[in-house]
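There are two complexes below, and they share subunit A, which is joined by subunit B in the first and by subunit C in the second.
Then we have the complex of A and B:
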């Protein structure tokens, strides 16, 4: 019974996406253009070379398609801005007065949105595999495949937690633009959506491996193209730890700052 | 004994109280008036003995801390190093008891502390000091069991999801409030009939007019049969017809479902036609708590407020024109 309310929240947000057709189209165009850009870039990089840092042209594009697909699914930034806006204009009470766990509500909301875009992003990614005749490298080991799926779910959950946490920091700081900027830049770099982390020096990668962002899109992408398989289990353990730590931080932050909400706004 | 009390209440309290508060009062002789007054008071005593307080506050105070900055760039730079704050007492030492089933009007000029008071009652904000109990809960604990027993409708802040239809939203709230299917269907039908909105249930909320939207806000809020309904300016911006409809619905909900309602409104017609009891606050302090008829008498609302506040409240009297011209009536005369 308790779970049904969150399933309904996910369903409602899934349905709400249908109202914004332009968003869907532009999201697909964005996915497609990113892959096109990557194709042209890596074609130049690989001109005259067979292998760059252990990647062939096709495995590099496979990585790019998978990581783009996963990063497109990571849409939790909307949670921070929703919480920020509502605290600032005094309408956050909309969430406070309903009998749900507020964090659970946002997780369900994100799940609904992700499920909606999943299909469209998958179509866009598959189209490119066929159009560019990419010899797509994909893992066949069931254990690794399941580990990758597990990491993807943990990564998406962690990002929702992080966005929720940054959102509720509005209660303390009134503005969270700087936090969001830092998060976005860190994300772009550490998740490996710009450049595969394998191209970084070993010492830098070691630091990144201690951070959760490494496991959000980079490691699952590598696992799905059949690489870094030895890191799968450790990755899951590290992500579970990060999720637990962040959950404690969220609880403490909410307990400390929720009393600062005054419900007044512009 | 209980049967006797019930009959006594029904016969003497309800009927006589209503009659005493109405236009007929002017035509009864002094003896009858005294008898009715006596019975009415007896009835009130009985009524008070057998209904419980659902809202109780004692010395409730809310102080906001505001950041102030001196004018100009110099002030802005100085504020980087040293911040100055001023305190504003939005609600001050408020004592209030509201009984189950009451329909109470909360009146006051802008900034009087009405909305702050409602926010404390619903747990949205925490009081600075004092005691507060709503349905036996400390509201700011934000327990789900408590949240299931009340509803809030704020005229200027929507609870709806604009991209969805009302049917979708109702289904969502059914799950959120864990309403059994049978109760859900029964309540849904009741409110669709009451508000006359059957043809609007599959329309996207963002395409509804303000009056239609307010009806939907009320349906969504009342779907789970809340014990208390907090209404903050529910008729703000509505035209005469829509305001009158909303008042009619609220009156029916209070009478049929026995929902306790606390209403804030700048439109005195809302208060006069709906609330037997009014609480007036100004600068966060309660300055009147008693019968609405006694408060207004035959005076113009604007004059009453001027007398109470010591200054004219510009918001009073800005209600739709024909409403403002209506004479003081009892709740039963209108609607």
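Then we have the complex of A and C:
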């Protein structure tokens, strides 16, 4: 019964995307800029070298195809902006009065949107593989494939949690828009969507492994192209721990600051 | 000649007034003052870290070593910072003003609408970004062991100024399209994608159809590449002539699209 409410929220948000058909198409087309960047940059690099940090030219491009697909799916940044805007203009009450958990609502909303974009992003990825004539490297081991899928779901869930958490921080800090923009810039680097984290020095990678962002895009992408397979299980465990920790932090933050909301805007 | 002098004096007085009003506004919203610096600063720092990671694994990318790439990032950052300081926040509002009919207000004032839009939202909070960009360039010059003489130094400054004009032209041109269409959201998206690509990738990476696109149709690929090439001695007469031709063509095109757009403008019903 409880689940049905969230499924309805996901369905509504899935259907709502049909209203923005042009956006979907253009978002799909503009994913090419990431692939084009990778193609042109690494074409130059690989013109004088066969292997860079364990990547061949085609495995590098395969990595970018997968990581670009995953980063396109991750659209939770809108959650923090939505919460921030609504708290600022006093309309956040909309979410407080609905008979579902607020965080659950945003998770269901994200699920509906991700499901809608899934097919389009997959088509875009296949299109770029075909256009750039990439010898696509893909994992064949079913266990690793399932582990990667598990990590992708955990990563998406963690990012929703993070966006929700940053959104509710508006209750304390009032203006978080600058911080959100800086976060978006940094996120592209630390999730490995601009360059694979394997290119960074070993000490930096070790630090990254302790943080959740390593497991959001980078590790699933590496697993899907058939690398870092020994890290799959540890990755899942670490990610589950991070999700639990963040859930506790969210609860505590909400309990502390929710009473600051007065519904009249800032 | 006398008219030109009069015009310049008038524009100077308007500019002074606009600056005064802008400073007053910024003191009201103090928290937003340095926001562009932090946002764009983090963006270019990320680029630096990315290329540091790349160069930790390879010696050269194309013909460029690490130093040249750092100068490239600094140069693009500088072009962006100059635009943010002077005109970006004013120009970004053009489509909205056309759509809402607010452009009427600009047309009824005794000063060029584009002049006012360009300078009305100057952002001194971006000045640290200019300084940061200069530091990146100096660091790149040191890291690359590039010797600076008066010839390549002047050439670099000259190309920087020329490309700042091209950057400005592109900003105005893309927003002027709003005079002709209902929404220029797609063009803004295209601009964002091109800037995002070209701030990470120097023009030397483009070839074939990509070179046609980014050196000719959407010349973002030229913007920071030509100044850097003039500094490191890779500039040829052919390339220089091409650069000047592109800037002149886009200046003319921007002028044409803007003036024709103003004639087409029918207040809120545009």
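Keep in mind that, in the parts below, the second predicted complex is superposed on the first by the 259 of 266 C-alpha atoms of A that agree within 3 Å, B and C clash if a C-alpha of one lies under 4 Å from a C-alpha of the other, contacts with A are read in each partner's own complex, and residues count from 1 in each chain.
Here is the rule we use: a residue touches a chain if its C-beta (ideal position, glycine included) is under 8 Å from a C-beta of that chain, and two chains touch if they have at least 3 such contacts.
Here the structure is a predicted model, which means the values were calculated and not measured.
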- First (subunit B), second (subunit C), both or neither: which does A:15 touch? first
- Query: Regarding the shared-chain residue A:24, is it in contact with subunit B (first), subunit C (second), both, or neither?
  - Reply: neither
- Message: A:93 in the overlay: touching subunit B, subunit C, both, or neither? Say first, second, both or neither.
- Response: first
- Query: After superposition on the shared chain, which partner residues are touched by A:4: those of subunit B (first), subunit C (second), both, or neither?
  - Reply: first
- Touching A:205 in the superposition: subunit B (first), subunit C (second), both, neither? neither
- Message: With both complexes superposed on chain A, which partner does A:262 reach: first (subunit B), second (subunit C), both or neither?
- Response: first
- Doubly contacted residues of subunit A, that is, touched by subunit B and again by subunit C: none
- Message: Please output the residues of subunit C touching subunit A within their complex, sorted ascending.
- Response: 31-32, 35, 38-39, 42-43, 46, 49-50, 53-54, 56-58, 60-62, 186, 189-190, 193-194, 196-197, 200-201, 204-206, 210
- Note on the structure: subunit B partner, complex, touching residues on subunit A are 1-2, 4-5, 7-9, 12, 15-16, 19-20, 90-91, 93-94, 96-100, 259, 261-264
- Could you pull out which subunit B residues touch subunit A in their complex? 64, 115, 119, 122-126, 140, 142, 144-145, 147-148, 152, 157-159, 161, 163-164, 168-169, 171-178, 204
- Message: Under the stated contact criterion, what part of subunit A meets subunit C in this complex?
- Response: 22, 26, 30, 33, 36-37, 40-41, 43-45, 47-49, 52-53, 175, 177-178, 181-182, 185-186, 188-189, 194-195, 199-201
